[in-house]
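Before I ask anything, here is the structure I am working with.
When the chains are written out, they are named A, B and C in that same order, and each has its own residue count from 1.
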Amino acid sequence: MSHPAVELDGIWKRFPGVIANAGASLTVRPGTVHAVLGENGAGKTTLMNCLAGVYRPDEGAVRVHGVEQRFSAPADAIAAGIGMVHQEFRLVDTFTVAENVVLGAAPRVVSQRAIAGEVADLAQRFGFEADPARPVWQLSMGERQRVEILKALWRNAQVLILDEPTAVLTPQEAVEFGNVLRRMVEDGRAVIFISHKLDEVTSFCDEATVLRWGETVAAGVAIADVDVTELAALMVGEVEAAPSPDRMTEPGDVAMSVKDLTVDDARGLVAVDDVSLEVRAGEIVGIAGVAGNGQRALTDAIAGLESPRTGAISVMGIDVSDAPPQKRFAAGLAYVPEDRLGVGLAPKLPVAENAVMRAYRTLRRGPLLSWRAAREYSEQIVERFEVKVGRMDLPLASLSGGNLQRLLLGRELTSGPDVIVASQPTRGLDVAGVRAIQRLLLEQRDGGTAVLMVSEDLDELLSLADRILVMVEGRIVGEFDAHSATRTEIGEAMMGAPS
Amino acid sequence: MKQRLLLVLSILLSFTLITAACGDDESTDTADPVDNGDSGDSGDGGDGGDDGDGDGDECSRTGTVAAPVKPDDTTSEVDASGVTAAFVYLTDPGDAGWTWAHNRGAEQAAAATGATLLTVDNIAEGSPEFEQSVRDFIADGANAVFATSFGYMDAMETLSGEFPDVDFFHATGFKANDTNFGNYFGRVYQARYLTGLAAGAASASGNIGYVAAFPIPEVIRGINAFTLGVREANPDATVTVNWTSTWFDPAVEGEAAQALLDGGADVLAMHQDSTAAGERAEAACARWVSYNSDMSEFAPNAYLASAIWNWGAYYADAIESVADGSFAGGGNWPGMETGLVQIGSLADDVSDATRTLIDERSAAMIDGSWDPFTGPINDQDGNLVIADGDVPPDFGADEEGRSLLDQNWFVEGVIGSAGG
Amino acid sequence: MKKLVLVRRETPTRGGQPAAFVAGFILALGLGAILLLISGDPVWEVYTRMFERSLGSKDVMSATLNRATPLALAGLAVSIAATMGLWNIGAEGQILFGATAATFVGRIGEDWSGPVLIIAMLLGGAIGGALWAAGPGLVRAELGVSEIITTLMLNEVALRLIRYLQNGRWKDPEGLLFPVIEPRPVQSGLGTIWERAHLGVVIAFAVVAAFAWFAKHSVWGYELKIAGASPKTAAYAGISMRRKVLGVMVLSGAVAGLAGGIELTGTATRLDVNISSGFGFAGIIVAALALMRPSGVAVVALLFGAVQVGGISIQSIGVSSAVSGVLQALILFGAIGAGVLSSYRVQAVERKVVAT
């Protein structure tokens, strides 16, 4: 009888103002894909960080293949065969794929070509496509994730922790990813799979452990024995109904229009190719597409973070093509960027500093900023959008992913925008978080706001959007009525098939 | 847009270059010799071989130097045990050079008079550290402060006003009062003239090099007196000056010396604290006149003569004047008559005729009947500057700068610019 | 088998930093004692003198304040730049050029009344420092050229500029051809306010306090904080990074240049290449010790000033300048090292046995 690949036993982990893990346990058998489920703030990421050597648990035991371990640094965990792919990638942008994969674990004599070859072989063995010579900054989020997984495999990880791995994949890619997972566990590896997409959990995973409020509420449940509703119930206590997309109002006038927009990327290649689109008041327009097809450049250009080569953008009839980001915001354009921590928020700064980032210009008294007003303003956002914060003066990084997004969206919505551009607004959130964000967007729609929403979750777009535009290689290649289109139709368009 | 940025950048860069070039103004002379020195290194092998054996064979001379002249111990009849004399030095005393000479004199004077000696070194000129060090000394009971570098002058003046009970002695400056602040220096040019006699006689080529620090009157006066001596012994000889803009930088001074040697000089004189010029002369089988102290040990074959300081007697007198309260500021510029400046040992190959000439001139200077700057003296361009029989005054003279303390022109026979 | 390793604390221990400073200070004194024993200097006498001559009386305390003044301003200059992740290695050059600019103003306003001239010279110093830092700020903002290199190079340029002026343009005609610059006008001396401490002490610490307050309470300071924490986020919030980089460098240079003006009018009588005593470089250490926080700079500068004044005082009892320098460095770096260590802890871990 072999030992479990991983045993976490009675793990406690406290942070200032927050108890992240309160005696959580997890047992993962080798050769299985094990789902760890739980709401935001349930303590999944903290528990995984304890296993990956990022944190030291305050109490409790970590055993890997039966041997008790006390990791003091991620390197110790790696040496013990634990590999973790974090939600926020840890790659060196200017290095190539191969360089990132071997970084810190390269053999003494480094032959670029030999390493590139080995990395390519490794990728092929597990069914990835990866060009070892490309620099990471050129890659889409999905491609970067593959590099992260390769990194762990290169280090001969026997236990692979994947935090929200499918969030950056297309439905088709997600299915393919399932096959990769199976291949990885074939020779005895164990994969710990953190996800909120219950259908993926049921189709990819063998067993599941559910956390709630830092405790294990269900351990090692065989997936074959439960259904989606049961799992969801375990996670949130009771299942909340999906928000009803039924509209109360009809779309009004055009709130935002983008005309002939062409944007070059950092390489000078065309990222957005002559895109024109309109979003009406009270309408949600979805942009579907595989990660890395120009969505980010499109939304960044609309928000004023990228300067387009050509094209015009107007918000509520005002031409903002040359306006800086804050002028566009003042004109009624709110933006939820895809990279929340890198662009939308400053994680090193406290909550209040992040909350007033849009409004501080209105809170000034001459050259001075009233921090009392700023704090009141932040507290309103925190209250209204139900952001769970420990202490207001702690860096934002101490918040969970869902709370970060609530804060960000709350900040963008507080001023009552006419147009919201939201890029991957629910990516990486738990069921309750996803529902909350979706509900907010629907409320905004019903209140007459125009919403342009980029998502790689087709189901989400189908249930929320009125119209879906499909983006491939920077171009809008098809437009679908969300109420009548099918997954297959749209999926084919996303793969570049003529529509 | 890009072009505008490039323009901005190039303006900035040009500005940087211009300023750097301006800053270089005084050190252009150093930059050149460094280059020459580099190219000279390769030429060296061709000239005389740069390996030790070759040098040994080709150098016609193996010096057997008489015992170096070291400053004499001094004696004193006055009990100055109530005096605490504090000395502030620019550099480490080391084992030869300006600070060494002062420090040795201070030690001798303290031993002779029974005064307490306090010293501190590595105090930069014009820095706040100087003032603090002096205040520290005064707090420790110092009642005489000696500062041996020019740049301490302003702070000495301020402090002498603040501490009327302490006597302040400043070397090489020009400020003073008539109570407790005086400046002092010595007529080392007199000794330089004597070394010039030896150098002129020793130079076969008539090409003599002078590695000089900064174009200030003290250095210019030394070069002039040396040149007058050289041409007394060897009327067609010339002295080529190479400025280093350093007081102590063996690398720069060595390169400057090398440049002169590569230019054909067979005797070198110098005015810095390092022995670098002597080492280069030794390697090139040339001859060398040292300064500050008798450095014959550092280059036994090249060593020819030296102009040296003997501060012991002077400092003993100064300490005595503090002890008996007779010090009343003012300027003090003694010459060979006090023994403060001397000529060091002469190399064994200095001819008897030259030795006799040196002794004669030396005696004339000691009894005050003659000075090297007695006219007629022409400047570099051949104009008569000091009329026949005239001796320029020490200070405050006339507009042509003929007074000794602000001499800013070169005498006939010097090649180089007195402007630096 | 066990080995000891340093492990980064997830959260800094509360009150750990002051405690670590004290511990590091004591450790440094211990190491310094060993150094002094080796160099043959009297340990107790050296330490008591260092203390007595820097903090032991009103007179020496005022000297420490004077010394701390340029250190505080230089430290502030470095930490201002650091709030945006910029390294101003050129505070030294900005001090020198600030003093040069102040001298220039002094030459123009030779006949002006004292107060007017002093204010003009201090402003001139600040503007000079600002100009000296504006170049690096501009090329950093527009072309992304590392400010570390450009500011460092400009230190040498400022020094050479003073050498040039010493030997040429501004040479003192009464200096007997010595390469010294003409003294500043006599009426331009900053008055003393307490013992030997001059007015510049008040100006410097007021500037440090004003900046700390302004950074905390102004829109500008808030924008600076975001720009320093995350440039992309700043762009998202509509904060122009280019203008911030240039602005921060100019301000940083102005503060350093002011230090140059204060040194000229407060402690020096004329511009000289040694007018700064390396304050600009010491400012980097001050800022680092203050963990780049403007509010900490004042405290660290006072400590640093005391250590330097004490360090000079022991040289006059025969401690060599080299030993004194090492001792000062030990004390300061003991405290820095401890400050860094306080965010780590020592842990014994199992040494891994590698199977072959």
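As a convention for this text, contacts are C-beta pairs under 8 Å (C-beta built on N, C-alpha and C of every residue); 3 or more make two chains touch, one makes a residue touch a chain.
Because the structure is predicted, anything quoted here is derived from the model rather than measured.
Colleague: Would you mind checking which chain's C-alpha centre is most distant from the centre of subunit A?
Modeller: If we average the C-alpha coordinates per chain, B ends up farthest from subunit A.
Colleague: Per-chain Cα mean versus the mean over all protein Cα atoms: which chain has them closest together?
Modeller: If we average C-alpha coordinates per chain, C lands closest to the whole-structure average.
Colleague: Could you tell me the distance, in whole angstrom, between the mean C-alpha positions of subunit B and subunit C?
Modeller: Those two chain centres are 37 Å apart.
Colleague: Just give me the whole-number Å value for how far the CA centre of subunit A lies from that of subunit B.
Modeller: 76
Colleague: Would you mind pulling out the distance in Å between where the CA atoms of subunit A average out and where those of subunit C do?
Modeller: 44
Colleague: What are the residue numbers in subunit B that touch two or more other chains?
Modeller: Where subunit B is concerned, no single residue meets two or more other chains.
Colleague: Over in the complex, which subunit C residues touch subunit A? Could you list them?
Modeller: It is residues 5, 7, 10-11, 217-222, 225-226, 229-230, 232-238, 240, 347, 349-350, 352 of subunit C that touch subunit A.
Colleague: Report the residues of subunit B in contact with subunit C in the complex, numbered from low to high.
Modeller: 5, 8-9, 12, 15-16, 19-20, 22-27, 86, 118-122, 124-129, 131-133, 135-137, 139-140, 150-151, 154-155, 158, 174, 214-217, 220, 405-406, 408, 420
Colleague: Touching residues of subunit C toward subunit B in the complex: what are they?
Modeller: That would be residues 53, 63, 66-67, 135, 138-139, 142-143, 145, 153-154, 156-157, 159-161, 163-164, 167-168, 174, 176-180, 183, 263, 267-270, 272-275, 277, 309, 312-313, 315-318, 320-321 of subunit C.
Colleague: Would you tell me which residues of subunit A are touching subunit C in their complex?
Modeller: The touching residues are 15-16, 55-56, 70, 72-73, 76, 79, 303-305, 324-327, 329, 335, 337, 339, 342-349, 353, 357-358, 360-361, 364, 367-369, 371.
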